[in-house]
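Two complexes are shown next, each including subunit A; its partner changes from subunit B in the first to subunit C in the second.
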Partner chain A sequence: MLGTQKEQELYRRMVQRHAPRPKYLRNAVLAFLGGGAVSLVGQAVMTGIVSLGMTPKDAAIPTAAVMVFIGALLTGWGIYDEFGRYAGMGAALPITGFANSIVSPSLEFKREGYVLGMSAKMFSVAGPVIVYGLVTAFFASLVRVLLVGP
Partner chain B sequence: MDFLLAFIIGGLICVAAQITLDATPLTPAHVMVLFVSLGAIASALGLYQPLVELAGAGATIPLPSFGHALVQGMLEEFKLSGWLGLISGGLKATSLALTVAIIMGFLTALVFNPRD
Partner chain C sequence: MRGKRKGRQTWTFSCVEVLAGAAIAGPKEGRGPLGDRFDIVKDDELMGMRSWEQAEMCLMEEAVRLAVLKAGLRPEQVDFMLAGDLLNQIICCNFTARNLSLPFLGLFAACATFAEALALGSLIIEGGFGGAVLTASCSHNKTAERQYRYPVEQNVQRAPTAHWTVTASGAVLLGLTGGRVRVTHATIGEVVDLGVKNPNDMGSAMAPAAAKTISAHFADTGRSPRDYDLVVTGDLGEFGTALVRELLFEEGIDIMDRLADCGLMIFDEKQDAHAGGSGAGCSASVFAGHLLRELEAGRLNRILLVGTGALFSPTSYQQGESIPCVAHACAVERLEGGKS
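Up next is the complex of A and B:
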């Protein structure tokens, strides 16, 4: 049963009033604190690696590797997904979140087998990240080399 | 000071991602893909390296730095070995972190069991 246009309009407004609105400020503050905290840990790891005699530039990738290790372990313990519930993109965007995006679905789909479950689902998010990362990086680098040189 | 800058810049990049997530219909996976691509473009424009020098891990820990590492790897390798380097340099530069991610992902999923 369709109401009159006026009734529909009233209903639409009522729905709009009661639909959950994203809590922009709260989410942003939590993302800031979460992402900041992970970066802080990363900075500490990086400082440690530099003290072993690496330059800060060379230390970036080993730091990322250590953070991936930490992120994978915390996901296995079930801590990282809990952290992600609060920090949102503050947990997902750091490289620890990339590790989480690999471990979390592969754990969940383990029961579907070690090949088509655990290993295939590892890349449900990491796959697109690598694909779009590589494609964009290739064309961005190509354009840069053609226009201004490396 | 290094630590404060890492916290602030790392936090701000995540806030930008969070606002993108909340204000658009995109899912977290879409936002991650978007930010990696933005990182690659910013890197090719020469904008990301200054941020890394300013913020250290605050710029290298968030995912746009994956795009940055790919582009810098491609450009470095291009200088060394020409056009083939442009193709091989990206994965070469990021192979350590990617291999650790895959091996750790495999082992963690093998050892742990999902929670309810």
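Up next is the complex of A and C:
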């Protein structure tokens, strides 16, 4: 039985009446603290690299590499998803979350082989991030070129 | 032609007995409230295997073999095996049936598979087409996550309405004589779809199908909630259970305190399972491990097991389709001293 429009609408209202609410405030606070903690580690790494004699501008790239390494390592140890359960977007948004999104599917599909499993699935979650990141970067640059000139 | 059919969609059985049941559970389920009711609790989700899928097959095969052993039979004395799981092409059951060399029918009704197997197994016994029929189903949290949701190590915050697929299997051997519990009715459910599209909220998708099958069962048999000690749904969770209660009330059925849910029985609130347990192994293991024992011990006299299944695939929901659901009900009661 496929419900009619009216039946579906009535049911949607009933569902809304009973639906448990996500804990928005708790989630937001945890995301703020979690994301802040990752950023704090990132800042410490960067300060450390700068103290070795790099300029802050040059230090950005090795800092990102170190953070990606940490994210990947914690994913492999099975810690990052536990952190993400509480920190939510605070764990997903930093570059450590991006590392997690690449490592977790490739770990998951290792049993299907190194070619069709591990490497093919590596970008199943991160692929769209890269695609839309590039598309957004292209249009942002276009707007800049049109407004400010090359 | 009416014969053994009652009403529109209910079969009645007079000689189907449950010879034995066996339930195997994973570590998280073992730590839950029903931990001591399962025959075997695994302390490792991988169970010494090389993949999650092999681990799930191991769950299925052990439950099936144990059920046969508990009935005092050898696998080759079983006439037919009816089983299903959640994975593509129901591989766990197909591979188990290969290892057991049994005449086999593979079933899929998502989490309602166990109830479907019980209903069809009873049909075979009642019809005289077999004297010992195995019915079983299983699920594994990690294989289900992999197929339906996200990689295990991916950081994902689960919705409060999301279920936790249980790592468990349940098998029941049906036969003609020698049991203490019998299957008396099976109500075959209609596929119901009220437009719910969210795969993280299967409770509200499945509730209308469950309510429809429960009310059809009462209409067909002339029974009411009073005739049952428990009406146990498969995996609706708290939210879905509240919806079933209200949907039934709208149809003039007051289910009172008789309504329970296998998904809510298997985990407690502290286990972070959100809406509760789900999966083809949920109702199977709770029935074979817990409910069957309660019936045999006389703490329950008669129950209605209502398996609830969401019949969607990752393809269908990614393409924006709503989630059709089905529920099948089996009435099971104690043989001596029962209410009948």
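Operating definition for what follows: the second predicted complex is superposed on the first by the 135 of 150 C-alpha atoms of A that agree within 3 Å, B and C clash if a C-alpha of one lies under 4 Å from a C-alpha of the other, contacts with A are read in each partner's own complex, and residues count from 1 in each chain.
Rule of thumb we're sticking to: a contact is a pair of C-beta atoms (placed from the backbone, for glycine too) under 8 Å apart; a residue touches a chain by one contact, two chains touch by 3 or more.
Quantities reported herein were computed from a predicted structural model and do not represent experimental measurements.
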item	value
Fit or clash - subunit C, subunit B, common subunit A	fit
Contacts of A:Gly97 with subunit B and subunit C, given as first, second, both or neither	both
Which superposed partner A:Gly88 touches (first subunit B, second subunit C, both, neither)	both
Touching partner for A:Gly3 - first (subunit B), second (subunit C), both, neither	second
Subunit B versus subunit C as contact partner of A:Thr75, first or second or both or neither	both
Residue contacts on subunit A - larger count, subunit B or subunit C	B
Touching partner for A:Ile49 - first (subunit B), second (subunit C), both, neither	neither
Partner chain in contact with A:Asn27 - subunit B first, subunit C second, else both or neither	both
Touching partner for A:Leu40 - first (subunit B), second (subunit C), both, neither	first
Minimum C-alpha spacing, chains overlaid - subunit B and subunit C, in Å	5
Overlap of the subunit B and subunit C footprints on subunit A, listed as residue numbers	22, 27, 75-76, 78, 87-89, 92, 97, 101, 103, 107-108, 111, 125
Subunit C - residues contacting subunit A, complex	50-51, 146, 150-161, 190-196, 201, 204, 208, 212, 238-239, 242-243, 246-247, 324
Residues of subunit A that touch subunit B when the two form their complex	22, 24, 27-28, 30-40, 42-47, 56, 60-65, 67-69, 72-73, 75-78, 87-90, 92-99, 101-103, 106-108, 110-111, 118-119, 122, 124-126, 128-130, 132-134, 136-138, 140-145, 150
Of subunit A, residues touching subunit C in the complex	1-3, 7-8, 11-12, 14-15, 18-23, 27, 75-76, 78, 80-81, 83-85, 87-89, 91-92, 97, 100-101, 103-105, 107-109, 111, 125
Touch list for subunit B against partner subunit A, complex	2-3, 6-15, 17-23, 28-29, 31-33, 35-37, 40-41, 43-45, 52, 55-58, 60-63, 65-67, 69-71, 74-76, 78-79, 86-87, 90-91, 93-94, 96-98, 100-102, 104-115
